[in-house]
Amino acid sequence: SEDDDEGASPSSAVLSAFKTFQVELDTKHDKYERLVKLSRDITIESKRTIFLLHRVTSVPDAKEVLAEADLKLDGVRLKIRQIAEELRGEDLYQFHKAFTPGIQEYVEAVSFQHFIRHRSLISLEEINARLVFLKEDKAETKDPAEQQRMQVLTFQVTPTDYLLGVADLTGELMRMCISSVGNGDIDTPFQLSQFLRQIYDGFSYIGNTGPYEVSKKLHTLKQSLGKVEDACYTLRVRGSEIPKHMLADVFSSRAALIDPDEGVA
Amino acid sequence: SEDDDEGASPSSAVLSAFKTFQVELDTKHDKYERLVKLSRDITIESKRTIFLLHRVTSVPDAKEVLAEADLKLDGVRLKIRQIAEELRGEDLYQFHKAFTPGIQEYVEAVSFQHFIRHRSLISLEEINARLVFLKEDKAETKDPAEQQRMQVLTFQVTPTDYLLGVADLTGELMRMCISSVGNGDIDTPFQLSQFLRQIYDGFSYIGNTGPYEVSKKLHTLKQSLGKVEDACYTLRVRGSEIPKHMLADVFSSRAALIDPDEGVA
Amino acid sequence: MSVTEMFSNIQGFLSADQDVREDIRKVVQVLEQTAREILTVLQSVHQPSGFKDIPSKCLRARELFCTVRNQIGDLKTKFPADQYYRFHEHWRFVLQRVTFLAAFVVYLESETLVTREEVAQILGIEVDRERGFHLDIEDYLAGVLIMASELSRLAVNSVTAGDYGRPLRISTFINELDSGFRLLNLKNDPLRKRYDGLKYDVKKIEEVVYDLSIRGLAKEPETGGDK
Amino acid sequence: MSVTEMFSNIQGFLSADQDVREDIRKVVQVLEQTAREILTVLQSVHQPSGFKDIPSKCLRARELFCTVRNQIGDLKTKFPADQYYRFHEHWRFVLQRVTFLAAFVVYLESETLVTREEVAQILGIEVDRERGFHLDIEDYLAGVLIMASELSRLAVNSVTAGDYGRPLRISTFINELDSGFRLLNLKNDPLRKRYDGLKYDVKKIEEVVYDLSIRGLAKEPETGGDK
Amino acid sequence: MSVTEMFSNIQGFLSADQDVREDIRKVVQVLEQTAREILTVLQSVHQPSGFKDIPSKCLRARELFCTVRNQIGDLKTKFPADQYYRFHEHWRFVLQRVTFLAAFVVYLESETLVTREEVAQILGIEVDRERGFHLDIEDYLAGVLIMASELSRLAVNSVTAGDYGRPLRISTFINELDSGFRLLNLKNDPLRKRYDGLKYDVKKIEEVVYDLSIRGLAKEPETGGDK
Amino acid sequence: MSVTEMFSNIQGFLSADQDVREDIRKVVQVLEQTAREILTVLQSVHQPSGFKDIPSKCLRARELFCTVRNQIGDLKTKFPADQYYRFHEHWRFVLQRVTFLAAFVVYLESETLVTREEVAQILGIEVDRERGFHLDIEDYLAGVLIMASELSRLAVNSVTAGDYGRPLRISTFINELDSGFRLLNLKNDPLRKRYDGLKYDVKKIEEVVYDLSIRGLAKEPETGGDK
Amino acid sequence: MSVTEMFSNIQGFLSADQDVREDIRKVVQVLEQTAREILTVLQSVHQPSGFKDIPSKCLRARELFCTVRNQIGDLKTKFPADQYYRFHEHWRFVLQRVTFLAAFVVYLESETLVTREEVAQILGIEVDRERGFHLDIEDYLAGVLIMASELSRLAVNSVTAGDYGRPLRISTFINELDSGFRLLNLKNDPLRKRYDGLKYDVKKIEEVVYDLSIRGLAKEPETGGDK
Amino acid sequence: MSVTEMFSNIQGFLSADQDVREDIRKVVQVLEQTAREILTVLQSVHQPSGFKDIPSKCLRARELFCTVRNQIGDLKTKFPADQYYRFHEHWRFVLQRVTFLAAFVVYLESETLVTREEVAQILGIEVDRERGFHLDIEDYLAGVLIMASELSRLAVNSVTAGDYGRPLRISTFINELDSGFRLLNLKNDPLRKRYDGLKYDVKKIEEVVYDLSIRGLAKEPETGGDK
């Protein structure tokens, strides 16, 4: 009938529009899923790196551990590169929820390694500098400028993810402090307390102006600082019972007692 | 020193034990992670199947939709097969939390398809019967009995996952009921209300003897049933204004009005 | 760079971010005000007297959309163009509202489904993300679903106003829309929830058409003449 | 099969499941009672007088482990052998406790770390899941960590009791244990939390050793003689 | 008396208490089973066919209440009569359920509100706390409110089943109930929350009556004869 | 001043505050009782028989408002006049309820929207905060919205009672109210949430009018005569 | 009986219940005040100067217990004797506090564990539920555990005050208490959680004793003379 | 007055209220910024080097309190003086923070408890509500409790910095504070919860003093001279 014909043609207009919508929605959703999976992988490997790094308090030479961590973090960066590829030409924030847990864990791992190496806080810029990737495969265009542009792929950690990663770092630092005391290392705890206090001051300076997730971590951060301060206090109180020069002797002989080869430098 | 030698040998005993622990723990964790990812894939594809199946209320012929759903569900079963492979020789319950969301969603999808086809509730046995997989690749052993054993791989949906999937199914049935009314189909709503009432009675019969997650769904289930009963009520009340024989006429002319080719059988 | 400096830098970033959000919130507030005004104009079609001068109401709404365009134009200047999704939550709600209003106007004018391109044009924004401030597909769909619910109300009220043809045309239209949505794979998100509501709109309109049918009041929609 | 029949079947399954759990709970309760008795026997080593007759306390504990074996033997009969993890939560806690007790006894006897095989043997269970009711690796590790904490307490109390050699030996032992745990990639789970506690035990023992050192009370642990 | 003796005595007390609770839980469990069976019987009145033989369903439910009485009788023997409130939480939930069931049966039989006395009689318990195991007033009220919600469902389904008179009678009944509750000064507790739900039931039923009225299907309930 | 003295002083302050709150709570409780009584009087208009003597019900309610005035008068004496907002939460809920009741009475009497001034007068309180115990504007609006929901119920029940003109008048009234609220720029607070409920009331009433229209039962409300 | 009469009766019951609870709350409040006063008296033993006149502090506390007895006496009159558990939650907390205070006084006086009988006597209540207002066994145990935590604090502070013998005696006492609790089969309830805290107290006290031992400050407690 | 006019008026009221709140929020935000700066200054006393120049830090904080006074002065102008409690929630949190900071400065300067009068003076506000923008007593107490927790941290860190006298003086001070709070009859509110934390601070500081005492490092605080 006429009705049928007339009805069919706009009908297919709407339906064909919706068919393109379907493709668009599915594409987005699939991308999101792939990012979630990459994020989970990054989380696991970063956590393992952190565990590995904790070994520095008990081995004679930190270099080996740090080198091993480098290898692991290289692997993580390959995954971040995959994220960057997924995000090429996209608005990063559209998929941010998908990969933020993994990136925070990576910040935690990489800043932990940095602290062990340099006894300082890695900056956001330094982190991002390591997330500039060169494309290995040949670009399809022959325009050199275009080729140049195509060959560089960057990933930008957001300041908030950086802050949240650093907030979690303090938990690891606290663990490291307790381990150090347990291994007779009397310098690291004081360095750590100084460093943690700076981070704590930094976070209190930011206070509740940051995002809610940051404020939420303040309490744990304060607890970690408290534990580190308590450890330093204990070292001081116990150290008070003998003159200072003797203290070093005691600890070095102590270290010798356990294992002569394992004195931490 | 002697001390060193004496200390080193038990030390390596403990350390080498812990190295084997590390392998065991990592293996387990990696497997868990792979299962989580499979579960997410299964969830997504099952949800898409459910969406597809909802089209039956608006297309002239359900067969095509059902066939398409069959294809999709075959894909899902391939994923479940991968789960089964991961679980070969394992205690299913050790990794149950990793894949339970996906399996529940699969139950929901497969029971929805079954309802559309047969207007009945698929049983747990029927679901499990479709999760018996034959190994395609050649077994390495030559013992035929062994080969036989190796070639069959089964996955067992737990009764609780079945119940939770069926509980969610009722939500989809409610949606289908409302759609049916909207499309002038006056039989399906009454069938659905009858069916949903049976399921609701079934769940009330189980009551709080089941696991907590099941009891939690009772409320939503009751709401869905209420919506379906309301829809039937509306049909009856509106139908009351004209004699019954006219009603069918009205609806068939109504269906003709919208699209003569789309009358639902 | 010392820890203190680093945190100062970050604090700078956070403050800037908050300022941007504050700016956005203010523009969004006036945009909401305009949206409520357009709504008031269009709501009057539900009243018995309102059915007479739909065209003039649409004209009035079209005028107000100029204001909307200006306000969205203002909004665009408040944040870097490529960070749309960073602040998306701030304008998402109001953008869905004005999309609904645009879709409603277009429906009242021509009884057709507004395309995403048309909405974008009415709002003075883009369809493609790459080209600037754009209309996210989910927001477009949400706006369309809000309109569907308004149409079910319109079907009811047009009967009250004595217009028996409109419900049938609405019914055809909304059924087509429903078929379109069935093609989509929606996640368990707000859009899915809204889409679930569409089924009730379809049902309600069907009931109206039924009521008209059994009373012999249903006439073939004279679509040709109305458009 | 009707819907009613299907639900009856499932109800049957659920009831059976609940009965199994009820049975397990009862056995676990008596097992916990025995565990508390062993603990009372072993706790007395912390008292000044307790240091003298550690061997006899260990013997008494070994006897009570017979009861444990019987009770676990009883537990095994309460559920299908291949559904260990289905009911794991029910006995997880008590199994960690008795593992701790076994590890403590072995440490007191020989100052060595009990192996998973030894614990399994003491409890009359398996190491490999395939071979029957077994000791999950995480439960074994949890039990070992509970013991570490008990040893830090023992280090403190042995000083009180005048035994200055023991803390040094405990220190060596616990440091080794700590090195072992560092090899593991623990998730953010209860075991990780427990392992975090180990650092405090190590620290506490270190402090005791320090206290002894500065007073010239620390003697080389005569490990040979004690073992 | 030594500390050990004291604690041994105390363990005696605690064990006795735990045994009592265990016994209570078991009886309550079977009581819940019976309640679910009665529910299954009564829920079938919602089915189109179910409206025909309400009396026979009530009879069947009445029979099952014998079992309830026996089970409650059993429950009474599990604890000292004057410690009702010590263990109240254990049976509170199920008592509200069976009160609801009793109220529903009585309504189906006679379309009247069951009194606390009647419920007590059906359940074989007391009204006055002093006289033994009784029905706490708040539990009685909770049971009545559960029934109100069931009646709103019944109103809907009786229309579907073609019974147009019942909703009007239910409406009158539920309005009376609502007035009754308005006399009460309820605390901000679970009962208050349940009562807040009553107004939805009232509204729902009024809309059913409205739907019937506007179609001329509503017949005045012949209240005189029924009550 | 010693620390002890300081804290003794502080305890004085705290006790006084707690006493005030206790006093307020008691008066509020009796006020709630009166509110429930007025509600019972007014609720009866929903019953078929109730439509006949609305005026006498309003008179009865007016009488009970005397009691309300006395009780609020009593309330005012319980705290310093300028600390209204310190204790606001205590009476906020009941004040919204009595505002609703006042608005409902006024609507039933004259089918007009009660003004804030009128409510204040009925309750014996002020409009301006400066002049004493007053009616906060948000509480006034909340009370009006509660009435809107009551009116949708009234529309339904007046059809049942055979009064087909009232729903049309209610529809006009509620549409006006809706337009009014659309002028407001509400925050995301409880009031906003309540206002979101208004659109359901509007829709419900439109459906009632529709039901009347399609059956030819709708008569144009004779607005001139009523207002 | 009409529905209205039924509900009027019910309101009577509910009001009575609420009055009882209000009365109880008031008495409990003054009881809490007295408990805080006793605590202030006893807390001063933690101060360096406080160790000198423990006996006089105990005497003062004993006097204040007279007030406690009177207040509990008053409490008893507020509700029917056999409904103890109905209102238990109201006084549970304060009863545990005064039990703790009684236990602490007795410990300070005689360094023994107060029995339930003694506490009951000090508070002027019963041990057997049948004989009247009594001390629930779990409340007694909770009070004892609060004291244990107070004793760990006392051990620390007695060292500060130069009393090196007391920590050793406390250590012995608390170990005995710990053994006692290990005889109990506690449920997973608040009491169990409190008991889990005991092991920290035990450990803390052991560390104090350790600190004394390693410095040669520990003297064997002269148990004979003290007890 | 038409409904539209009424609602236009109302919108005027609401806008004014929202503007006030917006203004308050802005001032509070800069006040929070200043508070964070003071905190940064004062927190540096925890650093080993920080103990040397406490006076200069206090001076710097005192300077910043000028800014606080100005900002609070600004805040006062944002709303009618007698509507303090209407907007209380907006500044409650920051007022507790600056009270804590004032209390901390005063303690560092003179080791005394700041009075409410002194805080009021430092902040440039009133004590009596009648006289203007004042310091609510509960906010004062909350600020004092925050300081108590900061002091327990200070006790620990002063030992680390080699200052052994300070912990003893802090201990005396905090004990006095605890006695003070015990005079108060606090409701079950946030303040009560905060107060419950005080006992941990007390205990923590006592343990610091203990550690010093047992090592002979504790010197009697020269209370006479300081106070």
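In order of appearance the chains are A, B, C, D, E, F, G and H, and numbering begins at 1 in each one.
Simple rule for what comes next: a residue touches a chain if its C-beta (ideal position, glycine included) is under 8 Å from a C-beta of that chain, and two chains touch if they have at least 3 such contacts.
Since the model is a prediction, treat every value here as computed from it, not as a measurement.
Undergrad: Starting at subunit D, find the fewest moves between touching chains needed to arrive at subunit H.
TA: Contact-graph shortest path, subunit D to subunit H, evaluates to 2.
Undergrad: Could you classify the subunit E-subunit F contact as same or different, where same means more than half of all interface residue numbers appear on both copies?
TA: Both copies touch with mostly different residues.
Undergrad: Could you quickly compare F-H and G-H and let me know which has more C-beta contacts?
TA: F-H
Undergrad: Taking the mean of the CA coordinates per chain, how far is subunit C from subunit D in Å?
TA: Using C-alpha averages as centres, the distance is 64 Å.
Undergrad: For subunit A versus subunit E, what separation do you get between their C-alpha means, in angstrom?
TA: Result: the chain centres lie 57 Å from each other.
Undergrad: For subunit B and subunit E, what's the span in angstrom between their mean Cα positions?
TA: Subunit B and subunit E have C-alpha centres separated by 36 Å.
Undergrad: What are the residue numbers in subunit B that touch two or more other chains?
TA: Residue numbers touching two or more other chains: 7, 29, 201, 205, 209, 241.
Undergrad: Please output the residue numbers of subunit G that touch at least 2 other chains, ranges allowed.
TA: Where subunit G meets two or more other chains at a single residue, that happens at 179, 183, 185.
Undergrad: Any two chains that touch count here, so list every such pair.
TA: A-B, A-C, A-D, A-H, B-C, B-D, B-E, C-F, D-G, E-F, E-G, F-H, G-H
Undergrad: Show which residues of subunit E lie in contact with subunit B when the two form their complex.
TA: For this pair, the touching residues of subunit E are 32-33, 36, 39-40, 43-44, 46-47, 153, 156-157, 159-160, 162, 208, 211-212, 215, 217.
Undergrad: Subunit D touches which residues of subunit B in the complex?
TA: Against subunit D, the touching part of subunit B is residues 3, 6-7, 10-11, 14-15, 17-19, 21-22, 24-26, 29, 89, 91-94, 96, 120-121, 123-124, 159, 162-163, 195, 198-199, 201-203, 205-206, 209-210.
Undergrad: Taking the complex as given, what residues does subunit H use to touch subunit F?
TA: Residues of subunit H touching subunit F: 1, 3-4, 6-8, 10-11, 13-15, 17-18, 82-86, 88, 113, 115-116, 129, 137, 141, 176-177, 179-181, 183-187.
Undergrad: With touch defined as at the start, can you tell me which subunit E residues reach subunit F in the complex?
TA: 175, 178-179, 182-183, 185, 203, 206-207, 209-210, 213-214, 218
Undergrad: Show me the residue ranges of subunit B that touch subunit C in the complex, using the header's touch definition.
TA: Going by the criterion above, the answer is residues 47-48, 51, 54-55, 58, 175, 178-179, 181-184, 231, 234, 238, 241-242, 246-247, 250-251, 253-254, 257-258.
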